[in-house]
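Each chain carries a letter (A, B, C, D and E) given by its place in the written order, and its residues are counted from 1.
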Amino acid sequence: MSRRNAVLLLVPGLALLLFGFLVPAVMMLLHPPDTPALDVGHRLAQMLADPFMLGIIWRTLRIGLIVTAVCLLLGFPVAYLLSRSTSRWSGLLLALAIFPLLLSNVVRTYGWLVVLGSKGVIAQALTGLGITDHPPQLLYTETAVVAGLVQLFLPLAIVSCYSSLSGIEARLEDAARGLGASRTATFRLVLLPLAMPGAVVGATLVFAGAATAYTTPVLLGGTRQTMLSLQLFNYSSVTIDWAGASAVALLMTALVFAVAGASAWAGRRRVTA
Amino acid sequence: MRDGSDAVVRLAKVSRHFGDVAAVDGVDLEVPAGSLTALLGPSGCGKTTTLRMIAGYEHPTAGQIFIDGRDATGLAPEKRNIGMVFQSYALFPHLTVAKNVGFGLKVRGVAREEIRRRAHEALELVGLSELSGRRPRELSGGQQQRVALARAIAIRPSVLLLDEPLSNLDARLRVQMRAELARIQRESGITTILVTHDQEEALQLADQMVILDSGRVAQAGHPRKIFPAPANRFVATFLGYENFLTLPGRGLVTIRPEHVAVLPESGTAPDGGQSRPGTISRITYRGTDSLVTLDVEGDTILAAASDPDLHEGSRVRTFFPDDRVVPLAS
Amino acid sequence: SEHAITVSTFSFGTEQFNQVVVQPFEKATGIKVQVETGNNADRLAKLQVNKAHPTVDVMLISDYFAALGEKQGLFDKIDAAAVPNLSKIYDFAKSTDGYGPAYTFQLLGELYRTDGITDPQKAADWKTLWDGGYKGKIAVPDMAPTAGQLFLSATSDVFGSGPGDVESGFSNLTQLAPNVLKFYTSTTEVTSLLDRGEVVAAPALDSFAVDLVKAGKPIAWAVPAKGRYMATNEAQVVKGTAHKADAEKFIDFLLSADVQSKAAAAYYDKPVNKDATVPDVLTKVAGDAAKDPVAAGYTTLDMAPIVANRTQWVERYAREVSSK
Amino acid sequence: MSRAGRSLRPARERRPVLTVLAVAAYLIMLGPALFVVAVAFTSGSTITFPPEGFSLRWFGAAASYRPFLDGLGTSALVATAATVIALAVGIPATLAVHRGRLPGRAVVQNLFLSPIVLPELVLGLALYQQLMVGLGVTASGVLLIGHTILLLPYAVRVTGASLALADPALEEAARGLGAGPVTTFFRVTLPVLRPGIAAAAVLGFVTSFNNVPLSLLLQGPGTETLPVAMLQYVQTSYDPVVAAVSVVLLLAAVVVAVVAERLVGFNKIFGGIGS
Amino acid sequence: MRDGSDAVVRLAKVSRHFGDVAAVDGVDLEVPAGSLTALLGPSGCGKTTTLRMIAGYEHPTAGQIFIDGRDATGLAPEKRNIGMVFQSYALFPHLTVAKNVGFGLKVRGVAREEIRRRAHEALELVGLSELSGRRPRELSGGQQQRVALARAIAIRPSVLLLDEPLSNLDARLRVQMRAELARIQRESGITTILVTHDQEEALQLADQMVILDSGRVAQAGHPRKIFPAPANRFVATFLGYENFLTLPGRGLVTIRPEHVAVLPESGTAPDGGQSRPGTISRITYRGTDSLVTLDVEGDTILAAASDPDLHEGSRVRTFFPDDRVVPLAS
């Protein structure tokens, strides 16, 4: 293929990206509607000095990190067992782990209302078993938001870890065991460092998704669990504060990139250590 | 629980079934201390499974395995003190050469300084002490193979197990590494079991050659004993005896192409063998000699010949020297 | 097409709205109606966005957003002569500036579970929410739903000098916050919180109690002893519409005694037309206030200070109340 | 996705800790959906578990609720159109990147993948603010652009992975056998890419169909998608109508999974999302 | 534009530079009609680049390429009527075997019936007419290779180009397919250029062997001419002449291990050659014979011997027959 033809093939895609993505994204920061120049920067500075906004940023970060940690803690074992299984069920189990990705977040989150409500499955189980007469409030708490987000993003964590783990030759574990390493030593010295790239990808995707999610916090949280995404939506669709919305968008993006960068760095350090 | 024999590894009626498949089927085997035993056989005959049972990655469904005189049948791999070199080398890609070699010592809690010393020693033995800071991916195939060997040796194992350690290398390197392997085994004196499907490799390296056929031992013994006298057609085929025919008074026999003489049709037959008339159906030039395909009274016979006067279609006389003809139990 | 209008309305009860209002209107006038739905804020925002080329002709919207829209110049005054039914409605429903009228009203009261609060007197006292006996068992409106502003004004009135005394309102709501399970963000959300027993009481609009009461659930709605405020929903003509006459026809139709009666029966929009009939279910919930709210002591809020301060109050509410 | 080799461990070894964590993971992923299914068949009027009796009435209610029907139509339309456009624009770009010997191809490739790292709400806001409010592009137009941008990375990456696996000698072989460049594209390149294109199409359609943040911000007259309609319904009312819709969507997802399995391998398509 | 020669393919001073690398450097080459020419050489010597220029996938930076007497230097591949078999086979995975083989005819607009007939004919030639309905992935490596060949032949090309067609096959299959390839080329009579790095393959198949060294022709001619008389050390090494030494009166010479005789130290030296004393440093058993490594007055010499009386450390006499010793231009 000649270079000229190659460039021609790229033109439609580049045009779409430019006018449907890059230009609007930049303009959103430089010039929101009905807003004086540089107002976004001004608003950003205000937000960073405002304890209320800082609280929201911190909650967003915290929820994102907790969800990421739980997803890795639960997802890694699933991925490991699937990658090492020779059972004929393993294909089905992998499919079941991936299947939720086909389902709308609304559908998936909706189930938690049934599970966590005050007459929900957990509460009824607790009272039914006589453990307590006053089941704890579960819905509209940070725990509910975390549970919902963990459910949403576990498949992503599993798939990332799986693709990394299934690329690690099983022989390496054999070799470590043969050299005298116990199971835990093998995990710590061989498996974990080698699975790190997949775990980092997984962590990045999960954090990016969890920290910017809208559906789940809006359904399972309340006004006390406000995250940046809800704030962005409020500014853009309720109070019509364009500069504020743009500033929150910038904050959200920066948060995602900062955490992605940090996890990539930590992953590299761990592997080379 | 010591058993009587002084073999370092002893398998007593060991079998391993996978569902219906008998991968290994009642194998008895003694590996004397300091020797090199080669497990040889075609793909799927059970070589790897046998080796993995000795290492503890697989457990026998019947029989017992003794290592250093103690029953090791149910022991976990990390408790056996065995050095294994995998076909794919299985080097840890995230560790340097030195750390790979030191791995087994590190998990044994050996002191840092001592690890360094012994890793260096093992790398010297395989001639790679210069490369200790590299990662596996920065090494050639032959170098990786030697690192795997050094890693296995560094823990001073009772037995060294090698699963087709050379089969991933190209022809030239394979020959070279084969000599290297012989040297290292000789110098270290470690009892070694080598899995291969390459008869040349086994012939060249082994003190004991064990040929497996569908999970059973087909023949075992010193290469110089087995090679000139394969016990049956399976072993003969495997060792490159291409010709099988029935000779009057000798029954079913086998003979290698190199030992079949192709003589002019007229002329007297030499003594000490049998002579049969034949026709040349094809000649394939091989450089030093040609491979001649003959039709000998209905049998297809291959002979290696360097006579430039042979032509396709010529009628000739084939000669089978008595001392080269191996009778087979059919 | 010549005679077609777009009516923007709330996103619930659309089916009944269609049957009671839209289809009869189309039949009676030959004017086609396209219905669009959404919440107040969203719809007003979109109206603002499309100000130059309005895509909506009639806006059915709550009083605060109507006032906001008036201020932003999104709505047009109407020609009283083109809307004869204006003369049939209560005074509180009429615009003093000539804009569109209210076509229904909503009362703030206490929605509660009768198995949770057994004493109706307690239910009728706003201060009951504060006394800690129902900590974690009450819901309170956020500022986004209509009930939010009403409850802020009611609190200001009950604890302070009047509905405008928001300082008192905010400080008392801050104290209330720890008792609150959830600050509900849309009005109907609260009915399910009650129905499922997540909460036992919540300040809420009367209309949302109707289905629950009718279904015989252990739920009632109480007119508060003090702090009676109501909101209205208005019908506004969008400025710049090319179909102003048709829009006014639609509003007049909406105000007619017949349509008002049917709407009240079908989806509990309480009539402003004095000649309309109020179904029994509504009076069962709210008593006489369902018929003539002003006579029952309810007042509408003064929109001027709200329009001036609401953005700031929303922000303040988020910081001082709903996030606590 | 390939397995990393056969059984490596003595068959007797058990891993209690890993197994418990894995079971917990599956419970969290799938448990709530099972309750949704149960609730959908209740004859009661609230979402409580266990359901009060059995009835199909909520399916009837869902089927006659206009916003869901309209939303379904909108979602299907937008997802189809966005997928088709993303592929039509993405496949040529993929070809250029993989076969074009371009300078800086890594940069171009990353540019096409870049929307994936941006939070969807941010993309939605940018388009809402700049295209809809700023330039007055219609809501449906912006919705389509937004979804197309959202899918473009999948189109480029999935078909690219498929192209990278294809032997470049295939095209040379076709040329050598007498086929010109255009014939080669339609007779060889495109058919060889078919599994990748199918995978990208399924992935793209599902991603667009389920998207909430973008659709929520960009909804305008006549552009309310099904997930947005469901979200708004759940926010304002707790009857089991949405459970019924969820069951229908769940069944649809099963069908998609089975079809995807037949086409290319379900795990392969969706397994690629996270890598 | 006809040129004088009757070669089907002629390269005139063809070069191909990639940046600074001269992959092919002034190659002259004539491929006579109906012959099989083998391009041979170590990795990176320019074999593939040469072949790709003949096929038109790559263009010379200097020189000219003539096909059937016409200048084809700048022609697109689809205009050259050349059949190429790729190392990876490059079978179209979405088409059946029959459609793969018929592809070249289809794009030429040949009628359906005719395509079917000729595809069937080509598949008969490679012995695969039974499998015409299968997909490539349902075939073994050897079968795929033959389909690729049939596809290339079906268009009745002027020249058939084969780029290491056998290197992806395992050893046993490779030997078998080599014979098959020879038969097909003979039967079809198509002028063929075969790239390989396997000297055995070239020896066995080629009418003309062209050995490339870093983009230049090192030696060209019939295998039976080249093999016994390598022109220089590069060619000799490549053809497996392991021994290089200087003999009095003959200068630098080379000789194969098979031709070095190992005789008892005492005893008379035979005629017709030179004799030198040496010490055996290592003996490696190879089955039929042993490879003996000798130290001969400082030179390391390899000899193949089957005498069982040789031992490591023995002093012996080596004998280099005059007719086996090849003098080299150093």
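One rule holds for everything that comes next: contacts are C-beta pairs under 8 Å (C-beta built on N, C-alpha and C of every residue); 3 or more make two chains touch, one makes a residue touch a chain.
Keep in mind the model is a prediction, meaning the values are calculated, not measured.
J.: Trace the shortest chain of touching neighbours from chain A to chain B and give its length in steps.
T.: Minimum number of steps from chain A to chain B: 1.
J.: Hey, how far apart are chain D and chain E in touch steps, shortest way?
T.: 1
J.: Let me check something: if the centre of a chain is the mean of its CA atoms, which chain is farthest from chain E?
T.: C
J.: Going by the contact definition above, tell me which chain pair has the most C-beta pairs touching.
T.: A-D
J.: Work out the mean Cα position per chain and let me know which chain is farthest from chain B.
T.: Relative to chain B, the chain with the farthest C-alpha centre is C.
J.: Of the chains shown, whose Cα centre falls closest to the middle of all protein Cα atoms?
T.: D
J.: If you average the Cα atoms of chain A and of chain C to get two centres, how far apart are those centres in Å?
T.: 38
J.: Distance from the CA centroid of chain C to that of chain E, rounded to the nearest Å?
T.: So the centroids are 91 Å from each other.
J.: In angstrom, rounded to a whole number, how far apart do the mean CA points of chain B and chain D lie?
T.: Taking the average C-alpha coordinate of chain B and of chain D, the gap between them is 53 Å.
J.: Just give me the whole-number Å value for how far the CA centre of chain B lies from that of chain E.
T.: 30
J.: In chain B, what residues contact two or more other chains?
T.: As it turns out, chain B has residues touching two or more other chains at 56-57, 76-77.
J.: Which positions in chain D touch two or more other chains at once?
T.: Those would be 8-9, 47-48, 133, 235, 238.
J.: Would you mind listing the residues of chain A that make contact with two or more other chains?
T.: 117, 119, 169, 171, 174, 237
J.: How about chain C: which of its residues touch chain D in the complex?
T.: 6, 11-12, 14-15, 36-37, 46, 49, 52-53, 55-56, 185-189, 191-192, 195-196, 215
J.: Spell out the part of chain C that touches chain A in their complex, as residue ranges.
T.: Against chain A, the touching part of chain C is residues 41-42, 45, 48, 136, 142, 144, 181-183, 185, 196-198, 311, 314, 318-319, 322-324.
J.: Report the residues of chain D in contact with chain C in the complex, numbered from low to high.
T.: 45-48, 65-67, 132-133, 136, 220-222, 232, 235-239
J.: Which stretch or stretches of chain B touch chain A in the complex?
T.: 55-57, 76-78, 80-84, 86, 88, 90-94, 103-104, 106-108, 151-152, 155
J.: What residues of chain D sit close enough to touch chain A in their complex?
T.: 1-9, 13, 15, 17-19, 21-22, 24-26, 28-36, 39, 47-49, 88-90, 92-93, 95-97, 99-102, 108, 111-112, 114-115, 117-123, 125-131, 133-134, 145-146, 148-149, 152, 156, 181, 206, 209-210, 212-213, 216-217, 226-227, 230-231, 234-235, 238, 242-243, 245-246, 249-250, 253, 256-257, 261, 266-267, 270-271, 273-275
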